[in-house]
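The structure appears right after this line, and notes come after that.
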Amino acid sequence: MIKLVDVVIILFGISLLNVTVSGRLEVSLKILSLQGFLLFVAAVASLPAADLLGLIVVAVETLVFKTAVIPWYLRKVIRENGLYRESEPRISNFYSLVAGSALFLFGLIAAYWAAGSLSPIRPLHFGVSISTILVGIFIILNRKQLISHIVGYIILENGIFLLSLAAASVLPIVVELGIALDIFVGVFIFGLLVKQIRSVFQEQHVDRLTELKG
Amino acid sequence: MEPYLLGVGLYLATGVVSLLVGERAKSGVVLAGALPATLLLVVAAVRVMTGPTARLSIVLGYPIGAASFVLDPLSALFVVVIAVGGLASLVYAGGYLRSYLGTGRTIGSHWFFLVLLVVSMLLVVVIRHAILFLIAWELMSLSSFFLVLFENEKREVQRAALNYLITMHVGLFFLVAAFVLLSLKAGSFDLDRFGRAVGAPESVPLFFLLFLGFGIKAGFIPLHSWLPLAHPAAPSHVSGLMSGVMIKMGIYGILRFILLFGALPAEAGYAVLAVSLLSAVLGVIYAIAQHDLKTLLAYHSVENIGIIGIGIGFGLLGMAYRNEGVALLGFGGALFHMINHSIFKGLLFYGAGAVYLGTHSRMIDRLGGLARRMGITAALFLVGCLAICGLPPFNGFVSEFVLYLGMLHGFGLGNTFATVVSVFSVTALALVGSLAVLCFTKVYGVAFLGSPRSAEAERAHEADWRMLLPMGFLALLCLGLGLFPQTVLPSIARAAAELSGYSAGAAGAFLGTGLASLVSILRVISILFLALLGTVGLLAGVRALLLRRRTVGRTDTWACGYRPVGPRMQYTASSYARPFLELVSPLFKEHGRPTEVRALFPLAAESSTHSEELLDAYVTKPVVNALRAAVKRFTWIQSGNLQQYMLYGLLFLLVTVVWVLGTAR
Amino acid sequence: MPRAEGDRMRAPAIVLHVALTAAVPFLFLGAVGRVKARWAGRRGAPLLQPALDLWKELRKGAVVSRSTSPVFVVAPLVSLASAVVASLVVPGFDHKALVSFPGDFVLFAYLLGLGRFASLIGAMDTGSSFEGMGASREIFFSGLAEPGFFMIAASLAYASGLSSFQELLGGFQRGTPSAYLQEALAASGLFIMLVVEGSRVPVDDPATHLELTMVHEVMVLDNSGPDLAFIQWASALKVYLFASLIAGVILPAHLPLGLSLIVFLALIAAQAIAVGLVESWMARLRLTHVPQFIFLINVGGILLLFLALLGARG
Amino acid sequence: MIALLLIVPVVLALLLLVVRSRIASSLFLLGYAFLHLGLSIALVIRNGSFTRYFRADGMSVLFLLLLSAVVLCVSIYTVYYFRDVRGEHTERDYSTAVLYLLLFIDSVNGVLLSTNLGLLWVFLEASTLTSVALVNFERKGSSLEAAWKYIFICSIGISLGFIGIIFISFGSLQTASLFFDDLGRVAGSMNPFWLRLSFPFIVIGFGTKMGLAPVHSWLPDAHSEAPAPISALLSGALLNSALFGILRVLVIMKKAGEGAFAGNLLAIMGFLSLFVSVIFVLGARNYKRMLAYSSIENMGIISIGIGIGGAGIFAALLHMVGHSLSKSSFFLTAGNVDRLAHSRQIADVRGLFRRDRTTAWLWIASLLAISAMPPFVTFLSEFLLVRRLFERGALPAVLFLLLVVTIVFGMTQSVIRMVSGGDEEGDSVGQATAEVGAPRALGPQRSAHLPVLAYLPQLLLLATAAAIGLVVPGPLFALLRRAAAYLGGSP
């Protein structure tokens, strides 16, 4: 029996593949928004009924932050700094897609394995979150633009969010909010730093940031 | 124990006060405290030598626990050495540092560290608690490190100080390792329990570990590399104190653990003996090759530590084979030589300091003719030279004689191998003695005699009386102990008896009536020495009588018919030692061959040589260089690339996750 | 029984011993000179010539170099005094020394060392490059020889089980073939010592006229008058002391005193002849070959030790 | 009390947004530092709690007290340090720095006082976020680069740590809570697989902040580029707080019977850290980087101590105390050196003794303190640690000693070079010692005396490190023992 949530999760996974190949940063941001929304759906689905406070918190976390504020903020950064494209990834787009698919596949294997042996967690959530985390890391390692790194980081965080949905463990609301705030402030500071780096180094390539060594 | 602690406290207090007073008042303050403190310390030590052992126990918090301070006959001997040597150094420093006043250099805490060095040594010899011992031990190293760093504007001094500190740290870690193992075995930090906790099989490796740690401080070859660097780098009062007294703390440590361990297997004795013979012979050979007076003296410290070690080795053999005579004479000789070396090595370093201040040079080949410009220094230095060569009638002879007797008793060990070893040790010690004569005739003949070899030597001036006073005192001790060795023998014998596990009574009986009857022998030697002095006096009288009516002309040195000999034509120290050094050239790596003279009438020719120790040339340097090279090869780890950094973490995570998954179920 | 005789005869023996020590050194040198002269076909100087030379020098004035310090004056005194005191522990014709105690041979060697030290720095004090060169060679050679002496002495001490000169020479077990070999080794080793310490051919040539080839002679170029006399006396005494040690090695123990004296003197005389013959037959070795020659002492010592160990086993 | 501790800095920070004056900033900072010390001592005497989210227990008061000591000294120095750069930095910069400083301290407080693993994580991440601006205080290219690497690597790392936390929650579904009390209660019945899997993530995640190799790489950059007092605070306080997080999880691991695995992992990372710091301390060119690598080394030592357990835990905690005190002093003194020499390159600094004796002595004393030389407390802790290591086996102990000696060699080499020598022009390069005339006139001493506030904090820190170096005082001993017992160790 296929539930709505499962569909959402699979959609989420497919959205990852798009991120791995998109050279245009604005496309990546749109996918981030989409992922935020999908996460909202998934999170609401896993909430116990009649938990209004929980619903509000989840809505703030996903709809406000992940879907709206962060993509908007990053878009602002991109426009202010005139960056639209990832210059050249370390691995070409084709192989990036291959790698992304492999990671996705790996996640599904993990899900299958989880379904077999580990009873209390939701296998699909688990699998897709693993592949999301891996894709996030892959993006960070593969791209050179600092903005892309931020995108990768947010995807990583999305994966972690999904992972936390895999089990019905409940964090206190205070903590949930704290985490959300941390991530948001983190992204905010990332943006500020990117701006400063832009003004000092004229570029935001990670390869430029190798003054400090030894 | 009270006068002892009072003395130590007084010492420390003067050190602290010296920090607070002005530059010129420091020496007065320290001496005002050091004099009574020395008196107290000597009184305390003498009391122990003649009476019961003093002890004091305190209980401190974790992790120290109960700690005891014990002043036994062995410690007492060292206390006397430290107290007397320390006082001499402090008095001398008063004169030596005067020339540094007003040169823009701040003497600052130098006095404090000088006092701290003495105090830490005084603590080392009485503390019987592992951690406190290590703390005092390291304080000793640190304070001497700061003393070495005195003239820190010189590159050599910096290098020497670094080398010194690191070497000491390595030594400390050997000690830490040994103490840790012992404390685990004993379940306590009390040194007195360490001995009982160690059984026969493991005692040898533990002893070697301790020997490494203490041997670095003492300067046994091949653990000596810091010594020829640090001693010349330090100001002379410090070199004198370090070489005369501080390196003996290494000997103390070795002896203390021999005492704690009781009888060790014979292998330990043979090993110590081998290292010591190597140190003695190589030490003197390397000394001969030196051009710098203080480096030369430093190598002689290595040699003398070797001689002391020979005694310890024989003491250990005597204990292992249960031969009373060998054990007592070995340890006794070692202790006696330890005392003697502290006296004449201090004297020699102070003499070298006087020469340095008088001429601003320590290169032997740039000196010359000092005997007529610095008469008192020259006379006192001569005493030191004779004493360190072990020549009669000075103290060096007596202790070496006791060692020879011990080795000759080695025939009684009833073991062919031991016999062969004894004969070779006798021969080696004789070789060391004769090479020391070579070395010091070179030093004295070139630096003090003849004509000045440089303008600096020409302008030499006599040292301050504050420097001459302690030198005179030490020279007097050299002569006094040489002429009347029987006076100090009982105290040494007591410590030696304790070391070899005999009761004081048994040792006394052995020394009085046993096969050696050492005291009566020394009495005969004492008479012969007096006769020697008498004969010299008599001959001097005869000479004066003979020449009373005759003319004593003064003329230029006979130049075999050529033009009178100028100062530059004198035989140099390098040439003097050349025949011998060529013989032993495989032991060195030579740098800088003399340039060949080609033209018929060469205008300028230059030749310079520098001999490097094999150990430095082929072990230490390559190892350090290899380490540096290896380190360079790894610097890519921190390349500055953020993605690379992240990869490290992820790979590590991957490995651990695989580990977890692999070990699951 | 011999002990009682020894006690009774002790006082005259001591007197004789002292007299021999005082007189024979010069006669020894005189004899060496005579042998060399005879071999060369000359009549040679009288036996007493060295003693007469000494007497002459003692009555002369002295000339001292301007560059010297008091060390220059004191050195000869110390040199002679140390040799004199060293003679006290050397056993004479009756295997008895004036003073004897375990390890006295150490004192003997170190007293000679003191004398050497004194003469070396005395030579260096003149600032002459010739004397510096002589000092350099002197210490080089004798420095190498000294360990050999100790090895021989220690081996003898082991063989005899005793450790004072008079005991180890007197208590040395003679009569077996091995013992003869040991005696021979010890004697030849000590003879090399004698040659080195006495500055004789083939280590040194006292008769050479070229300063560059001298060892001992060049060190005393600047000494004159009583100073020179003291130095030469010390030198002669040292040679004699080694000669009597060699005689002591060979001299059988427990001979009647008279016979012992005759054998002893004969041995001394034989050595004088040997020294003279060697000087007549051989030239001085090249300086670079001297160390090898001196090392022979050590070889002798090692063999001696080996034989002694075999003896102890067997 | 805890409420005061947590809320006051926030209030002060908000006030600073309004007031923005130099005096107010200094006053707030010092005032809070003293308050912090007072409250910590009060908490030591009587543990307290604030809501169900914050509580001071045996281990946290130890860390809190140490934090107070470091914060107090760093605050005093901060007042000097930022006051003195009138030209470079404005009053506004200063108050901003103090604002972030207060928030940073507060987030470390939060880490130490949280009762919930998730909350602890939140505060740990917050401590990164609040300190980025401090690292980037000078806004040069290099400090920007350092700040970027700092925040990015730490954020990723800490996210991985959160994965570990989620795994823990997978393993403890029966309680569905991340409160330490609940986790501790059910530890025995947790799913060992998830627990095991979680620990590498926790160690990698929190270890990133703690500076353990191989995830240490941001540390030398951030510590060297931050202003001196900030570096001191990062080394003396932040690293400890990350360690604290690991320890909290370690306790659960131990209760669940997975202590051996966790310990081994920590010990391995500890040794890796030692290796890394050997390499870079020996080749150090920038002295602040050298100090940063020394921090990595010491974190490695602590991690080894924790990993080998038993008496090692006590030793590690003691070492942590010693390291915080001496490394803070070292970094603060580095600030003095920077002021005197206007360079952070070792090669550019010569003759500190002649420039400013006090700084030179502080520099050397800090070196001795960090190199585990008596009478400093680090000696005692390393001794106990080595003792425990030998108990476990000779090989790691020998390896440990070798690595540590090599690091001491590297640091000493640089420090001696910096303190000694004449002035640049009077440096007697290459002259043979024996030939130089004895008492050379060195020319007038160009001493540049810094204000007392530039020395006082280091003196306080070093004096404390020395005072507890001989014998650990009773109260501190009790604290350490309690914390060690909590971690399953014994003194």
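Per-chain residue numbering starts at 1, and chain names A, B, C and D are given in the order in which the chains are listed.
Note that in this section a residue touches a chain if its C-beta (ideal position, glycine included) is under 8 Å from a C-beta of that chain, and two chains touch if they have at least 3 such contacts.
Here the structure is a predicted model, which is why all the values come from computation and not from measurement.
A.B. asks: Moving only from a chain to one it touches, give the least number of moves from subunit A to subunit D.
C.D. replies: Graph distance in the chain contact network comes out at 1.
A.B. asks: Starting at subunit A, find the fewest moves between touching chains needed to arrive at subunit C.
C.D. replies: Steps on the shortest route: 2.
A.B. asks: Which chain has its C-alpha centroid farthest away from the centroid of subunit B?
C.D. replies: Taking each chain's C-alpha mean as its centre, the farthest from subunit B is A.
A.B. asks: Look at the interfaces B-D and A-B and say which one is made up of more C-beta pairs in contact.
C.D. replies: Higher contact count goes to B-D.
A.B. asks: Counting only Cα atoms for the centres, state how far subunit B is from subunit D in Å.
C.D. replies: Roughly 42 Å separates the two chain centres.
A.B. asks: Could you tell me the distance, in whole angstrom, between the mean C-alpha positions of subunit A and subunit B?
C.D. replies: Here subunit A and subunit B have centroids separated by 70 Å.
A.B. asks: Express in whole angstrom the distance between the two chain centres, defined as the mean CA positions of subunit C and subunit D.
C.D. replies: 76
A.B. asks: Starting from the mean Cα coordinates of subunit B and subunit C, work out the distance between those two points in Å.
C.D. replies: 36
A.B. asks: Could you say which residues in subunit D touch two or more other chains, in rising order?
C.D. replies: Within subunit D, residues 148-149, 152, 156, 193, 220, 280, 283 contact more than one other chain.
A.B. asks: Name the residues of subunit C that each touch 2 or more other chains.
C.D. replies: As it turns out, subunit C has no residue touching two or more other chains.
A.B. asks: Counting only residues that touch at least two other chains, what does the list for subunit A look like?
C.D. replies: Touching at least two other chains: 137, 140, 209, 211-212, 214.
A.B. asks: Of all possible chain pairs, which ones touch?
C.D. replies: Per the contact definition above, the touching pairs are A-B, A-D, B-C, B-D.
A.B. asks: Which of the residues in subunit A come into contact with subunit B in the complex?
C.D. replies: 137, 140-141, 206-207, 209-214
A.B. asks: Report the residues of subunit B in contact with subunit C in the complex, numbered from low to high.
C.D. replies: 368-369, 371-372, 375, 378, 382, 385-386, 389-392, 397, 400-401, 404-405, 407-408, 411, 416, 419-420, 422-423, 426-431, 433-435, 437-438, 440-441, 444-446, 448-451, 516, 520-521, 524-525, 528, 531-532, 535-536, 538-540, 542-543, 546-547, 550-560, 565, 567, 569-571, 575-580, 583
A.B. asks: Residues of subunit D touching subunit A in their complex?
C.D. replies: 53, 116, 118-119, 121-123, 125-126, 128-129, 132-133, 136, 139-142, 144-149, 151-152, 155-156, 159, 162-163, 166, 169-170, 173, 176-178, 193-194, 220-221, 224-225, 280, 283-285, 289
A.B. asks: Could you pull out which subunit D residues touch subunit B in their complex?
C.D. replies: It is residues 148-149, 152-153, 156-157, 160, 193, 196-197, 200-201, 204, 208, 214-215, 217-218, 220, 261, 265, 276, 278-280, 282-283, 351, 353-354, 357, 361, 368, 371, 373-375, 379-380, 383-384, 386-387, 390-391, 397-398, 401, 404-406, 408-409, 412-413, 416-417, 419-422, 426-445, 470-474, 477, 491 of subunit D that touch subunit B.
A.B. asks: Could you please specify the touching residues of subunit A with respect to subunit D in the complex?
C.D. replies: Its residues touching subunit D are 118, 120-121, 133, 137, 140, 146, 149, 153, 156-157, 160, 163-164, 166-172, 174-176, 178-179, 181-182, 185-186, 189-190, 193, 196-197, 200-201, 209, 211-212, 214.
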